[in-house]
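Here come two complexes built around chain A, the first alongside chain B, the second alongside chain C.
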Partner chain A sequence: MPTLAYRHPETGEIVDLSIDRDGLAHSVHGELACIDCHRRSYRRYPHPDRPAPGDLDCIGCHEDDDRNLSRGWVDIDAEFKRSVHAVSDSPKAAGFSCHSCHDPHRFRPAAVGEPIAQIVRNHNGVCLSCHGSLSAASSTSHRWLPNRDAHWGSVRCVDCHTPAADFANHEVLPAEKSEKNCVSCHSADPQLLARLYRFQSEEDIARHGLFAKAVFNEAYVVGMSKSPALDRLSLAIMGLMVLLLAAHGLGRYLARRANRMA
Partner chain B sequence: MMSLYLYPVWLRLWHWMNALLFLTLIASGVSMHYAGADWLMPFATARVVHNTAGILLTIGWIGFVVANARSENARHYRIRFRTLIGDLIAQTRYYMIGIFRLEPHPFHVTEAMKFNALQQLSYLGVMYGLMPVLILSGWAFLYSVYLPETLFGLGSVWVVAMTHVVVSYLLALFLLVHIYIITTGETVFSNLLAMITGWHRETDEIPVKAPRETP
Partner chain C sequence: MNAFAKTLRTPKNARRLLITVAVGLLVLLMLYKVVYPIVFDAYVGQSNAPLTYADSQPITEDELEAMATELSLSARRAAAEAIVGQDENAFARRVKVEMLMNTQSFMREHEPTHIKYFRDANILQYEGPKTCLQCHATIKVRHHDGRTSEVDTLDDIVNSVHFKFQSDAGGGFSTYGYDGRQVNAEGSRPIPVGKINRACGIPGSFSWTGWAALVESRPESTQGEVELRSEGCGQCHIGGNYQPATEKMMPIGDVPDVAKEGIDCLICHSTEYDMNQRYVIRDHVGLRWNQDRTMRAAITVGRATTKNCLNCHQHNMGGDAYLHNEAAQALGEQNRRLLHTGAKRGNPFSPQDDVHAAAGLQCTDCHVPEGHKIPRGRMGVDLVANDLPDVEVSCVTCHSAAPHNRSEHKALLNGHLDRIACETCHIRELQDNNVVLRDWVHPTWDAEEGIFTPTDIYRSGAVNKGFTFLWFNGNGTFLANALGNNPNGSTQYDPLMQQLARIEDPEIVAAVREQAIALKKTYPDIDVDAYVEAATDPLSQLAPEQLEERRRMLDENLRVHMNDGKSRIYPFKLFNAMMYEDMGNQGPFGAMILPFDYTTYYETGDTAASVKQAIRDPIVQRMYQEPFKLYMMDEFMAYFGVSGGWKTQYPLVDGKLENVEPKWMRQMGSLMVNHGIQPVGRDCVECHSPSGILDYRALGYSQERAAELENLDIVENLRLSATDGGESASRAGQILEITPAGARDIGSTAWDSH
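What follows is the complex of A and B.
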C-alpha cells in the first residue's frame, strides 16, 4: 500500500499525506515529483495537513504556457473570476478555486478521439460532485428538460451553463442566464454542442452518410441528426406527386369543359 | 337518385378525429424535424403537442380496428381475390385514361362493397400496415430511454427514428393522394359529403357498366 505518513510529534496522530499515485501517474503532472509542487508548503517539518492556500495554483505555474490548450490560461482565469462560483457571496462557495473542480493529482484534459459519452461522464462528474442532489430521482430541478437523465448522459452541464460563443468556457452562468432553448441543440446547427463535438476524431467527423452514422451507433438527436438526403428525396417525391395530381386535375377540368362546349 | 348509408356515425367520428390528429402530427412533427426555422412551432411546444396527438391517434386506431372487426364495415375490407387483378387494371386504366374521356366509373358502389380495388388495397395497407408501424415506432421513441443500446447491430434510437420518419413521409404521401382521389367521385364534393353525412348519393338511375378491354 502506498503510504506517505508520519506521526505528528506533538499530537502523536498519524498524518496521512498519501494520494492516489496511479491517478497522478496518468495525469498531466505525472512527470512531476511531489516536491515540485509542494516545495513551499511542505518545506518545514512537521508539515501542515493542508497546503497553504494560494501557494500552488494552476495559474501561478502555467501563466506563461499555452501549449496544447485551446485557450490561454489567462482567459480561463478571467472566465473563472466571472463565474457564479467566484462571484457568489454564499458561504458555501467561499474559497472556490480551480482546485474545487480540478484535482491537480488527477487532472487530464479530454483528448480528441476519446468517446464522447466518456467525456460527458467525466465533465459532468465534476459538477455533480457538489451538485449531486440535482440528479436524485426526487429532484425537481431541470424538470422542463424531458428525459433529464438521458440528456445528462449525452450533453454536458457546461454546454448549457456557459455562454455558447466561446471554446473551453469557465464562465459558469447563474441559473437565470443558462440556456433553455431546445433548438440550440435540436436543430441542424447545434451551436451548444459544437464545443463538445470538437472532441470527435477525424474518422468520426468523416463519417457522414446515413448508414455510416447507423453502423457506428451514433445517437440520433431529434432535429439535429436527420438525414438531408432522405429528406430531400421524400420532399422531391411529394413535390412530384403534387404536380402530377395538379396536372391530372387540370386534365379532368379541361376534358369536362371541352365536353360541355361540344 | 340512389342513396346508400355507407359511413356509420362511429366511422365518421373516427375518421375526422383521425384526420385532425394527423394534420396536427404533421405540423408538430415537421416543427421538430426541421427545428430552427422561425415559422415553426417552438420545439418544446411541438414535442408536447406531438406526443399528445400521437397517444390520441393510437387510441383512435385501436378503436377503428376493434369497431371495424365487430361491425358490418369489415365486409368492405375483404379482398375479392378472384376479380382483384382485373379490377385493379380497370381502375388504374380509368384514372389514367378513362377519366379524361368522361367514361363512366368502372366500379359501382353498392351496399356490399363501397371501395374500388385500388381504394381497398390502399386503405388496407394504410390502416393495417403503415399505421401500426408508425404507432409502434412512435411509442418506441417515447420510451427510447428503455430501448436496448443497439438493435440488429445498429443504434436502436436511430432505427426507430428512421422507421418513424420514413413511414410518416409515406403516410403524408398517402394523404396527398387520398385528398385528391376523393374528388374523383360523381362530383368533386360527393365523396366528401358522403364522409360528412354518411350517405352515398348517386344521380345515375341506371348503373353503367364499365367498358372492358378484355372480351
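What follows is the complex of A and C.
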C-alpha cells in the first residue's frame, strides 16, 4: 500500500514503509516473495521491532552464489568491514549495513552496456542520498579538483574513494586516504578503465586509439585517451618547430652581425 | 466606399453618428434595465416589492447603551466561564469568573466589536444589507492559491450559492449525465444546476414551487383549532424575497435591487440571531420568510461561526429532529416552522456526535471561505451547486497522509488509506431517523402535528441498512449515484444494477412489507406484494427493453467515468422515494419528477391534488413550453438519460393529471456522509471476517481475494493476542518498527563527513 507509513513520534516526520511495486519488480530481488527475506520477523503481525537474527542478512543468502561475480560476497563483506562506514565511530555511522546504501527493494546492479553517464548518476545517487550537502551549489568540497563538476558528472565517487589496487568498491576510504593523484586516471595505464569502464562491453574495452576511446567510450579522458602515433607526430612537429625557431634566430643573429660589420 | 467614409468624417456627420450610437446604447440599456426585468417577471410569474420587516425598529441611544452593557456582560461571562471551566470548586470558580469579569484587558477583548462602531456611526436601526454595506461596501478576499482581491460585497453574496443556489457554467462537481457527458463541461452549453431546479428525491426541492408556504395544521392538542405553520425552502436560504433568484438562471439580467434588500446577513453573522424570527409571513404581495432584523442581532455581528452555519445546515446533517439541533428549539414566535422528522443524512455536526465539533473547530476551519464563496470540496455526488469546485476540503489537509498516531497498528491503519476513506471507519452509524425509503404518494396523518406527512416506510442509521459502501472517485451521476471502481479495474462492480438498485436484506424487506400492510389500511388499493417489489427492486418497474438500454448506457457511457482517477471505498447514505413522475419524459434511470404543493399536501393528504396545484405554478408551465425546452430542458433530459429531448406535453389537461404515475426512482440515490466523525474507528474484524460489513465480491474483488480479505491471518493473530492479553484487538501487539526501509531512514538524515 502506498500509504503504509507512520509519523515518527520523536521527529514528527512521516516514515514511509511502503514498497514501490514497480521498483521491486525491476530490482534484482523482484522474483522473491517478501517472506523469503523477512523469514522470521514478518511471519506474524505485529512484527517485532528488530529483524530476527538471520533475517535481512545479505551474506546469509548470497554466500553460495559467488560464481557469477568477479569477487565473492565474503570479500565484499570483508571490504565493507574495513570501510570508513564500518570503522567510523561517528554516531551517524552507527548501525551502517548493506541496506544503508542498497535498498533491497530497488537495488539492481549496473549491467554491462548501460550508458556510463547513467551508471555514474545511479551510483553517485547512493552516496549523495547521505552526503547530499557536498554537491550543494555553495559547497566548497573537492575544491582542489580541477573541473570539479565535470568530474562529478563522469566518474563515480567510489572510483577515487576506494583503494585503486584491489577494486574493492565496498572499502570506502576516509577523505585523507582517497585518491588524489591525477595520473592514476590521466595516464596510459589508467585504473579508471579497469573500474568504471568495465561496464563497457568487451568490444568497447578492446578498442584502442584516440578515435575509438574518445568516440566509442563516450568520454575523452585527458592523458588516457591518447594515441601513441599522434603523440610521436606532435612531438616531432614540436621538435621541428623548435629547430625552425632556433634556425630563424640564428639566421637573424648572423644577418645582424654581418650588417654591423659592414 | 472611400467617398462614404469621407462624408462620415465630416464633423457634422460624425457628431450625428455619435449621437445615434449613444441613443441606441441608451435605449438598449433602458430595455435591459427596465423592460427586461418586467417582461421576465411576468413570464415566470414572479413578483417583487420593497420588503419590510416588523422587527427592524429604531432604538434610542439609551436603549443602545443598555443593550451594549448587557451583551458585553453576557459575552464576557461566557468567555470567563469557558476559561475557568476546569476548576472544581464551585465557589472558587465563581470568584475567578468575577475577577476576570472585572479585568480591564479581558473587558476590552470580549466586548462585541460592533457596539463601538454602531455607537460611533450613530446607527440605531438595522435595515438589512443597506446598514452593513455602509462600511462593508467592498471586502478583501484571500483566495486558496494565495491571491488576494477586493470585491464588491453585495455582488459577491448575490452570486454565491447561498443566495442563488446554483453555480455558474462549468461549476459543480464532476457530475456526469447518463449520456456520458460531463455536466456543464467546457465546450458544452451550460445549464443552471443546483437546488433551484434540482429534480431530486425530495419534491418541493423545486424551490420555485416550494419557497414559502403557510399550512393550516390541526394538532390533536388544540382540539381541532387551526394552527398556522411555516414550510418551504426559503427557511434556509438567505434571500428574503417572494421567490428564489430565478433571474440568475438566465445568462443576462440580475436580481432586482428590492430583492437584494431581503438578504439576511445576520443569520450567518450574528451570534444573537433569533431563529424564532424565522417564519413565513403574508403581505399584500405574497408569502415570504421573516428574519431577525433587531438591533440586538445586528450589534453582535462577526465572522460566521459553527452556530451560524448550523442554523440551517443541521437540517441536512443531523436532521431537524436531531436532539442537539439548537435551531429546532426555536421554531418561530408565530407560524412555527414544521420540522422534518426524517433525517436527510443523519450524520450530525455537534460536540456530542462529532469529534471535530467537540474540539471546538469552526465549520470555516475546513470549509475556508473566499469572501462569501464557501468551498464544499472537490468530491460529491449530489448535483448541488458548488461555488469553488476546485478547492480541496479533505481530511488529509490537516491530518496528513499518516493520520493514525495512537494505535500500535498505526502504520497498518495508515496503509488502509490507499483504499479506504477515513469516513468508512470513522462514521460508525447514522441517526436512527435517517430516511431510506419514503413514500410521498401515500401520506400518513400525523396527529401530533395535525398534518399529513409523507410515509417513511424504512428508516435506519445502521450500517448496510441506512448506508452502504461504494467505490468513489469524486464523480457522480446526474441523479446522485457515486461513481468509482475497484482499482483492479473490475467489471463485476456494478452499483447501478446492484448496490443502488436492489435491497435484499430480509430485515429491510420484512420492514417494508410491514409498512405496506399498515398503509393498505388507509389505501386499500395497495397491492402489498407489488408494493414491496417496487420499493426493494426498483428496476422491476422497467420494461425489458428499458433494462437493456440501461445496461448499454451504463457500459458505454458511465463505465469509463467509473474508472477515472483514484477510487476509494466511501460510506454513502442510501435514499429512494416514491413520487409522481411525468411518464412522457422517461428514461432507463427515471422520469421527470413532479413537485408537490406543500399546503395542499399537508392539509388534505390529497397528493394528486397537491401535484396539480404545484404544476399550475407559472414557472412549471413555462418549463413545458418551447423556450425553456430549448434553453435548458433538452440538455437537462439528455443528462437525465432520456433520449429525444424534453417532451413539452403538459401533464395537466382539463384539471386531470395525464401520463403521470407514482413510481419509485429506478435506483437509490447515494449521498456522501462526512460529518459525525468518531475518534475511534471500526475494529479490524468488522470488515475482515466472513460476516463483515464490506461485501468484497460485490465491490469487485475476485473470489480468491475476497476470501483472503475476509479471513486475514493478521486479524486472526490480533484476535489471539487480544484474548491472550485481555486487550481489545485494536490495541494488541507492538509498534511497527521499520527495517526494510532502513536505508531510506538513514538517508533522510542528511549528513556529511567532509
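We adopt the following convention: the second predicted complex is superposed on the first by the 191 of 262 C-alpha atoms of A that agree within 3 Å, B and C clash if a C-alpha of one lies under 4 Å from a C-alpha of the other, contacts with A are read in each partner's own complex, and residues count from 1 in each chain.
In this section, a residue touches a chain if its C-beta (ideal position, glycine included) is under 8 Å from a C-beta of that chain, and two chains touch if they have at least 3 such contacts.
Just so it is clear, the structure is predicted and the values come from calculations on it, not from any experiment.
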item	value
Chain B versus chain C as contact partner of A:Asp36, first or second or both or neither	neither
Touching partner for A:Val222 - first (chain B), second (chain C), both, neither	first
Partner chain(s) touched by A:Gly249 [first = chain B, second = chain C, both, neither]	first
First, second, both or neither for A:Asp20, with chain B first and chain C second	neither
Touch count on chain A, higher of chain B and chain C	C
Which superposed partner A:Asp103 touches (first chain B, second chain C, both, neither)	second
A:Ser141 touches, of chain B and chain C: first, second, both or neither?	second
Partner chain in contact with A:Cys130 - chain B first, chain C second, else both or neither	second
Chain B partner contacts - residues on chain A that touch it in the complex	144, 146-147, 149-150, 182-183, 186-189, 210, 213-215, 217-220, 222-223, 225-227, 230-231, 234, 237-238, 241-242, 245, 248-249, 251-252, 255-256, 259
Contact set on chain B toward chain A in their complex	32-36, 42-44, 47, 95, 99-102, 144-145, 149-150, 153-155, 157-162, 165-166, 169, 172-173, 176-177, 180, 183-184
Of chain C, residues touching chain A in the complex	400-402, 404-405, 408-412, 414-419, 713-714, 717-718, 721, 732-754
Chain A residues touching chain C - in the complex, by the definition given at the top	1-7, 9, 13-19, 38, 41, 44-51, 55-56, 84, 88, 90, 92, 95-97, 99-105, 129-134, 141, 174-175
